[in-house]
Each structure stands twice: as structure tokens, then as C-alpha cells.
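Structure incoming, see below.
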Amino acid sequence: MIKVGIVGGTGYTGVELLRLLAVHPDVQLTAITSRKEDGLPVADMFPSLRGRVELAFSAPDKADLSKCDVVFFATPHGVAMAQAPALLAAGVKVIDLAADFRLKDQASFEQWYKIPHTCPELLEQAVYGLAELNREAIQGASLIANPGCYPTTMQLGYYPLLKAGLVDAGSLIADCKSGVSGAGRKAEIGSLFSESSDNFKAYSVAGHRHTPETTAQLQRFTDEKVELVFTPHLVPMIRGMHSTLYARLSKEVSNEELQSLFEAEYQDAPFVDVMPFGAHPETRSTRGSNMLRMALHRPGNGNTVIVLVVQDNLVKGAAGQAVQCMNLMFGLEETAGLMQIALLP
Amino acid sequence: MIKVGIVGGTGYTGVELLRLLAVHPDVQLTAITSRKEDGLPVADMFPSLRGRVELAFSAPDKADLSKCDVVFFATPHGVAMAQAPALLAAGVKVIDLAADFRLKDQASFEQWYKIPHTCPELLEQAVYGLAELNREAIQGASLIANPGCYPTTMQLGYYPLLKAGLVDAGSLIADCKSGVSGAGRKAEIGSLFSESSDNFKAYSVAGHRHTPETTAQLQRFTDEKVELVFTPHLVPMIRGMHSTLYARLSKEVSNEELQSLFEAEYQDAPFVDVMPFGAHPETRSTRGSNMLRMALHRPGNGNTVIVLVVQDNLVKGAAGQAVQCMNLMFGLEETAGLMQIALLP
Amino acid sequence: MIKVGIVGGTGYTGVELLRLLAVHPDVQLTAITSRKEDGLPVADMFPSLRGRVELAFSAPDKADLSKCDVVFFATPHGVAMAQAPALLAAGVKVIDLAADFRLKDQASFEQWYKIPHTCPELLEQAVYGLAELNREAIQGASLIANPGCYPTTMQLGYYPLLKAGLVDAGSLIADCKSGVSGAGRKAEIGSLFSESSDNFKAYSVAGHRHTPETTAQLQRFTDEKVELVFTPHLVPMIRGMHSTLYARLSKEVSNEELQSLFEAEYQDAPFVDVMPFGAHPETRSTRGSNMLRMALHRPGNGNTVIVLVVQDNLVKGAAGQAVQCMNLMFGLEETAGLMQIALLP
Amino acid sequence: MIKVGIVGGTGYTGVELLRLLAVHPDVQLTAITSRKEDGLPVADMFPSLRGRVELAFSAPDKADLSKCDVVFFATPHGVAMAQAPALLAAGVKVIDLAADFRLKDQASFEQWYKIPHTCPELLEQAVYGLAELNREAIQGASLIANPGCYPTTMQLGYYPLLKAGLVDAGSLIADCKSGVSGAGRKAEIGSLFSESSDNFKAYSVAGHRHTPETTAQLQRFTDEKVELVFTPHLVPMIRGMHSTLYARLSKEVSNEELQSLFEAEYQDAPFVDVMPFGAHPETRSTRGSNMLRMALHRPGNGNTVIVLVVQDNLVKGAAGQAVQCMNLMFGLEETAGLMQIALLP
């Protein structure tokens, strides 16, 4: 059994990790920390876990995380970088669900996240935890930077097109929509039911932290300069993310060839479902599951290709993807503990 | 492996059965029928099942259900009674999720459901599938009448009080609230998003079919005449049911005694969670799971006791409860395949 | 034109007052205060008001409210009592949408609201602003205690029954449901979209401040001791309130007599709609309007009468009712500025 | 008073017309037809209208629409073209909220709507009812083709850019999102609460009828060939539409110049609100009102300009826009009866 610790278990990615790990056949939940909730049984905060998770939160200084085999950080940016060096030194693997190790470029990190990076020496060894594009590196990693939710959809949607050199890398437009849980379990006016229900809006259109992360990763697959316009929107639903990805074709290619390309790329990816050409994936078809679904379109058979991508932002976009990485790091089946079927309706 | 057939798999209880049975360790999905959708792969209708359920719908006359060990009827009222006799004669166990066998009294059935009963001779042998109150009978049953969603909450909430003779059986008031999925996957104006979202209303206040079912079952536990006012309401949420049960105490009893009574009654029930006295169970704490949670209240320490009961109407209120019965009928662990943790948030 | 000031305009009752008063034909919006938002144009916070309300928030010490004809307090409990004495002394009428003057009994106020009352001498002169039951007193009032949202529905629903002596005043059960906006525009975890959407729960079942307010008001209409069990619930919708009121009949009465009683009581009330016997009012039929609708039921023609009452908690339950009082206090038509038709769908 | 008839009043645009016209100072509601609901009081179907609209539906053959001054068609495509010729001949003005007269090109109409056009001779005289771009023509019109909801947002967002020749007309991408009421009050599985709540998806990506309508109208303002990729999505909200419009700048222009351009174009448009550069308009800021709001963005100061446009699809996108046309046709103030402030929250 893998001994697992969770730092920061009071947010939505934290409780989602608990939901997944509590029934994972190879995991023993060992410690979960919270500065504020020291001593509180986890199930008192999250009644869905009553009878299933017996752990209580413990203050960070009381939890001996060095006895764990792996520690997940479901914390705000900046926490993992403070604790990761000591854990790694103690032989504990680290999976950070925040952004501390997502950008290889320290300056870029500090520009976008407005905090100094305290262990830039780890940036090189950190492995970006997108299993579909990085499986081998993850298998050998000690420190994982779990991808952002939006970047997961954008990378998996654009990657086959860029790698095959079929589209103009300089004019990508990603119009993305997220459920409200993406804002986290924070007491903020904008996330209130009465503010975000029965409403729709864009946000951070001038610039969002997930742009540099996505651009840097996509740049690995093409020599052309990647230029991405990324527009996030807020949808009045709890979970779910839908990315509508536009690209301009720069080569002659048939729809059948496009479809075959995507199917071939993801044929061994257990959590990517390439739907039939022209399908309309729905976010609810992934609700609570680690599946990401996508479908290709080409309006009027013109030179614009559209990739529609959906996932559950808390599972494939966060906690599920992190467990997927853990599975690979510990030599388990990639799908272990992650075969929940989506809740529909 | 138990060979399972499903009649009527295109509704919400049908797809929920599929979600549960597709990962049940002891089940082999064998046939699923639909008059309209003959030949359509199930996963084409419910994309959440893509890659997980390979079956296609088959027309009722093509599916040889007699080869199954058990057949679930996730159909409108009246279908199971037409097919159950032949299946039972062929040695196939039958679990009806509709109302055909819920009322022992044929006249009452015909009065409330407005159709003649075509196999009243089976009413006596049919076992009411509420495992918590009927476990032994279910274990030996061939024909199960799976309880209605509302009646499940009302029976489990009132039963300990009535059995202990603590309340006036003649003045029960059950104010119940259900998510919209309870209306089924039927194209009706009243169930449209634009009609039922951001809205709340009562319905069928003059009389609902779940009243006679509940009253008849509760009457088993008391000599007093049970009189129940049951008021159903529609909540703008997909899944979930919340019953607020009022009863007038007829004996002196302390809150501690009440709490102990409930805890004792349900200590061996894996799917009933008696929360601490004064708790406020939330429907979402059961979303997608087979758990039913309840908590006791006594406003102003007066003579009214309130039992708050929540469940997922499609799981413990329908498909999960049916699988729970199947487990008992086939000598499996009662919890087999039913340990999903609720999806929160 | 009536010069109107609003204290505390950054909450939901505040913006709702602005929506109503900005188009009121006899009103001139004069000042709106906010401690935190001094100088911010109101329409910057509430873009629905762009081009319609030119006022900016001003700090409480800068706004000369004594030049107003009437000041509305859309503030937390405790604010109005601090400022009302000076305003009243300056000849300014005061309408408090919070609870400072709702309870005539100072001890009861201090017990339920946990703050000392700083001007108990005003409690006697304060008029409870439920126009339907108190029209004349409101017309002559200088200080109005605007009713709570739940109490409005409970009083208007129970009043005809109690006044006519038809029901047992000692066993009233009010099962009430409110939209989330009732919790106000406060950054609290429990009011987040991800916490309250797709969910239903009861709260404060052990005791809620609206119980003593309702009981005290209802007691005016009967010599029997009023005993009320009041159970509030939270509905995943923004606006709307539905109260399901149970009472036990203590006299012989026909359904027609009950219906006639209610129709007669409210025939001159422009904002109370007595629907046909057996109707099921929907909250959305009042969304954005000052109408309150109700309908009577009597399940199985037994001795329980049910009154279903719906309103928009922010309009008839708060801001609209306050404007209705203002109209009466200034000799205007009771309906002036309040004839918006509900938004359906 | 203008005598108004409505054909097809049982849908959402019908009831929205009623909500607006019932309080319009210059209108007398004269007749409302419904094939199915002959004799039913309108307020029995839409309780929000109780006490406010006394009309009953009448069968089409019983209603003498020729006595009206203007008739609104809130019907499916194909109905208006059947009745308009006779009404126009009788001197009655006609406003069609469906698509019968939106496309000047008969062949294009028949291709996209799959029905023959029965009065193509009226296509030339029909005026496209987008007041902001067509005000004078509307003032003199007898027959109005009320614009589609999506096309309204796309035209008002792209128009200033195309007219000024600032962008590449051949690479417009419109990523649009609509509330569920856009699907109408029709009993269809896909519009059920349990199907569309807590879900997000694109639809009709391969081709939507609003593309040719928008392209044809936009083509009026540029000599370049307009090529538009239009991707509609369904949002789990009742009302509201958000269009995210992308265009590639083809000339040097500063953000200030862009902003000034839009402000100048719409300075006399009472229902277009150009928000500050970089703002994020929310659909709820238009809920129930005839306002359309927009804001400009330019990510990274690159060569992509984004116009965010929001409106209430049932008001400015349908019924409100139709009333706006009526006002102009009859020489009233453009804003008469249309000054409702949006419902927020």
C-alpha cells in the first residue's frame, strides 16, 4: 500500500483527492493537513465522506509527512515550493496540483504569479504531469507539476495538429468555459450562487496564467512560434470544462485524415476519448470521471478546424490527473482507482 | 457472474442501473431492451458509458431474457406485470422498479394507477424491496417490488418512531422535496430547464400515489391507524430528495433516547447514516451514492419531533436500492458494487 | 418628488430598492451610503443600473440624510437603531428592512439578535410594515419595521384561519423554502454556487429569528396561544420563497367556505393573489414582482388545511414591501412604481 | 392606442411580448391566437400574468386580426408567410419574430429552412428589424423581419469594425453561448432540466441558420467577402446570450481609437451600452431588459480584437427588439415601454 499524505485538504481538489483515494485499491490515506482545521474529522467538513474516511485534519507542524510515500499539494500557489525540497530530500515523492513547478522559466513564473520562486533549482527536475504527452518522464519522476485544468484541454486538443504541422501555430484561438468549482472553495462574492447562477461571463480576457503554461508546453511540438489567444468564461455549473479550440489549417488534409490522426495519437490513452467526427461532447458525460472527450469539426469544410474538448475540471483537470500520475510513478496500472463512470444525469 | 437483463434502459433509472452494474464485480450485463431504439449502442444514447458498456439496445421480442438470472424492469407502470409471470416461470428473478407489485391490495393499485392488474396472483409472493426493514424476505425472494423514492425516505424516517410507539400515528406530516430527475426522461413541458430551473413549487398536494404505498407499509409497525399528509415539491436540482418528517410525540422521551433508538435500529444497515442529533443533512452528501442520511430535531424541545432524511432519488431511491436487493437475493455482500462515494461538490 | 436616501446599498435588498426606486414616478434618489465604497458609482458595482442610476456611494459621514424625506436601511441588524433617532428628530421618516424594530419586546430582541437595543423607546412607535394587515397604522407612521421575508408568507397565509378561529393555533407547522439570495451578498462558503447549487437542505431547524416575529404578530389575531414549528430550507434558486403552511382544522368548514374566507380577506389587497382552491403556485410567477400568491389545499378532505404561499423574497419579502410602505406613508397609490410583471420564464 | 394582435402566444417569445406589451403605455392588447388553447385565459397558462392580462387565447380562425394595427408573429418558421399577405393587404402592419423574411435570397431561405417560401414577392419590401443599423427603414416599414438572437449580437459587435475597414472580413470567428430558453417552450428531451442543467455543450457546429443571416447583413457594410465561423453553445441558464467575437486587425489602430469608434457608432442607440475597454459584461446585467452591452478587448495588444456582447435573448434578442421596431413604425419614442431595469441578482 502506498502511504499518501495530502497538504491542504479543505478545498475542492482536496476533497476530490479524498473521494478518489479513499477507494483506490493500492492507497492508504495517512495524513491530511490543514492549518485552520487541526483536529477536525475530515468527514465533519465533507459529509459525503462519513463512514468512508476516518482521518482528521492535522496542523502542518504535527503531521509527519516524511513517513509518506507521496504527498499531494492541494494548496494555493507557493505552498508546495516551501515544503517540497525537504520532502524530496527525505525520499518522498511530491505531486503539486498548484502552479509552483509548471513553468520551467523562473522569470515567467514570477511575472505571472507575483511571488518569488524559492526553489528554482527544482524546476528542471519537475516533470509536467500530463500523462498522455509525458508518460515516460512521469514514470521516473519524483516531483510532478500537475497541469492546470484549462491547459490540459488545450494541449490535448492542439497537440496532434501541431505535431503533424497541419495548422498555423501563430493563430490559435481557444475559447474555454469552466464550471464554478474552478474558482475553488473560497468565500468570494463572485463565486456566490446569487452572483454566478443564471449568468455567463468571460473573465481575465486580457491575460490568464494558463496562457504561458499552455504556450510553453505546446511549443515543444512545433518549430513555428506558438501564439495563443485564450479566453476563459464562467459557466453556471459546478463541475465541467468545455474548450472550443480554433486553428487555421495550413495544409491540405481531409476530414478522414484529421480524424485518423487524432484516433492514432490517443489510441493507447485510457482517459482520452476521440468521439466521431462532428460529435458534440457534453461536459456531463465526464462528470465525476477522469475521462476527457473530444471531437473534430470543420465548418463548411473550410480552412478552420475546431476541436471540442470536455472534461471534469476537478478530475481530469486536477485530482484525477494527479492520481493518474501517482499510478505511473509507482508502477501501477494507469487506470487504478480511476474507473468511475460519469454521473449522468 | 450473474447474468443481468434490463427492460427499458432509456430512462434515468435505466442508465443509472447501467452505471452501477457496469462496474459491479459479480455482474455480466447480458441484454437491455428498448422498443424504440433497437440496435442502437447504449453508449450512443448515453455518452458517459462510451468505452464502458458495449451492449446495444434490442427490441423486446429479440432479447431472450429467459437466459438471464435476473431482469430489472426500469419501465413505466404496467410493463413488468405483463412480462414477469413468464420470466418467473422460467426461473428468472424479477426486480420491478415501477409500482406494479408495491401495493398488496389490488383494488388500491387499480384506483391509484388507473390500469387493471393483470397478475394479481403474484402480489402475495412479491417482496417489498426495502432491505433495511425486509432483509430476510428479500434474500428468499424471486419477485421484488422496488420501493418508490419518496416512500423509502418516509418509511426509514418514521419506522423507528412508530415501532417504538412514541408518536401519534394519526398525525404524520411529510413535507418532501425531489430533484427533477424524479420526473423521468420524458419530453414534458413541466420538466424543461426553462420551466423548472430557478423555480420551486408543490405538486399533487391533493393526493399522490406514494401515499397509499407508504401508509400500507408503515401500518405493519403499529396498531394505531396511520394517517399521513404527504406533500411533494419539485426542487431545481437534478438528483436528490429531502424529506422533512413531522410527528407528534405521544410519550415522554429525551432527545438522547430518540437518538439512541435510531442509531440502534440502523446500526447494521450499511446504507443508512444516522447523523448527530440536530444535524442538517444535505442532499449533495448522497449524490451518486446509495447512502441515505438522516438527522433528528426537536424544535424548542417541544412535542414535535422532526426527522430530516436525504438520499439520491436515482440511487437509494431507485437503481441502487434495486441492486442492493439483487445482492441480497443472490447471496452477495449487501454492499457489492455500491460503495461509490458521493460527488461533492 | 419624495427625496429618498438608502443606507447600505451594496447588498441585495439595496440594489433591489434601487431597481424599484429608479423607475418610481414619485421618487428622487438622493443619497446612498456605503462605508466601504465611498465615491464608487453605484452602476460600477451593479452594471444592471448603468445609464439608469447616476448616484455614487458616499461614506455615511458625508451623506446628509437629514435632507431626505425618507431613509431606507438596507443594512445588517443594529445599524438602523443607531441612526434612526436623529433622523426621526429631524423629521425624516425611516423604513428599516432589518429587524431592529420588528419585535416589540426588547428582551426578546436581545435574546434572538444577541445585541443590546439602543433605542427601546422607539419600539412602541415603530409600525410593523405588513400593509395587508396594518394599512392604516402604516399610513400614519414615521418609523417602519419592514417584515422579515418568511414572516410575510406565514402571516398572510395563517391570518385568515386564525382570525376566523378555524384552526388549532397551538399546532401550526410551517415548512418554508427560500432562494439563496435570502442569505445576502456576503462572502460565505455556504452561499457559494458550488456549495448550494444542485443541493437542498434545511437549516436553523432548532430555532430561527423569524419564529418569535411571526408568533408575536399572529398572536394579535387569536386568543389561543400560538405555537409554531417553523422549518426553513435552502433552495438552489436565486430568488423566490415557498411556504407550505399546515394547520389542523378545529371546526367544521367546507372547502368553499375556506376559499371564500381568503378571497374576502384579500379582495382589496393589490399584492395578494388568492389562486383557485387546489392550485400549485410557483415561485417564478412572482420573480421580480411584488405579488404574493397563495392557494388552499385539503388532502383527502381531512382535517389538515394547507396554505401554499409564494413570493419573491427580495421584492414582497423585502424591498418591494418597503416601497409599498413608503407609498402608504406618503399618501401615494399603494401600487405606485410596483407594477412590474414577473419574469417568466 | 395601438391595437396589437399576437399570433402564437404560447411560446416564450409570446409570453415575453405579453409581459412587455401589457405595461406599454400606447398599446391595447386585442387578440392572441393559439390553435391548441382556444378559449383558455392567457393567465391560466402563464400565472405571472394573473390580474394583468385578461385576454384568452382564441383559435386562429376566430380572431379577426384585420382589426389590429399591428400583428406580431411569435410562431415557428412558415406561419407568418402564410398570413402576412392578407394582413398587409388589409393595412395591418406585420412583425415576424421568426425567420420567414430575414433572408432576402429565396433560395438561401429554402436551403436553410427546408420549406418553400410562399410569398417571395414580399421579401424585397420586408425590412430587417435591427433598429441600430436600420432605423429609418424601420420607421417606414409595413413588414418587419425581426432579427435572430445570435445575429443581433454578431452584427452589433462586428459592424463598427467592418464599416471602418479595420479587420479582415474573411476570418471572423464568433463563439456564442445561449441560455436554454432559446430552444423555445417545446417538449424535447434535450431541453429537459435533467439534460441541460449542470452541463455545457456546443451544437450545430457544422452549420446553423443564423450564419447566412448574419453574413448577408454584415456584407452590406464591407466590400471584402465576409467569412464567418459561428459556433453556438448551450448554457445552463434560462435567459441570456454571450457572444465572444474574434476578428483579426488589418490596420494599425490604438485601443483608444477602437473604443472611440464604438462609442461614436452607438451614442444615439438607447439600447446599446458600450462599456469601458477591457470590461467583462455579464448576461445577468441584461436579464429582463432590452439592453445589449458590449466591451472591447485586445489580448497582449496583439492583432486580435475581441468584442464581448451580452443581451437577454428573449428581450433584445426577440420580443423587446420587436417592440422597439413597433415603436419606430408608429412614431413613438424608441424606448416606450422598454425601460425595465435588469433583474440583478
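Read from first to last, the chains carry the letters A, B, C and D; within each, the first residue is number 1.
Keep in mind that, in the parts below, a contact is a pair of C-beta atoms (placed from the backbone, for glycine too) under 8 Å apart; a residue touches a chain by one contact, two chains touch by 3 or more.
Treat the numbers as computed from the prediction; the structure is a model and nothing was measured.
Repeating the B-D interface, with the same residue numbers in over half of the contact pairs, is the pair A-C out of A-B, B-C or A-C.
Chain centres here are C-alpha means, and the one lying farthest from chain A is C.
Centre to centre, using the average C-alpha position, chain A and chain D are separated by 39 Å.
For the pair chain C and chain D, the distance between C-alpha centroids works out to 36 Å. Annotation: 45 Å between the Cα-based centres of chain A and chain C. In chain B, the residues that touch at least two other chains are 12, 179, 181, 185, 194-195, 197-198, 236-239, 281-282, 284, 287, 345.
Residue ranges of chain D in contact with chain C, taken from their complex: 12, 15, 19, 22-23, 46-52, 181, 185, 197-198, 238-239, 273, 275, 281-282, 284-289, 291, 293, 314, 339-345. Residues 171, 173, 175, 177, 179, 194-195, 197-203, 205-207, 227, 229-231, 233, 235-240, 242, 244, 246, 248, 278, 280-284, 287, 297, 299-300, 302, 304, 306, 308, 310, 345 of chain B are the ones that touch chain C when the two sit in their complex.
Those residues of chain D that touch chain B in the shared complex are 12, 179-181, 183, 185, 187-189, 191-198, 236-238.
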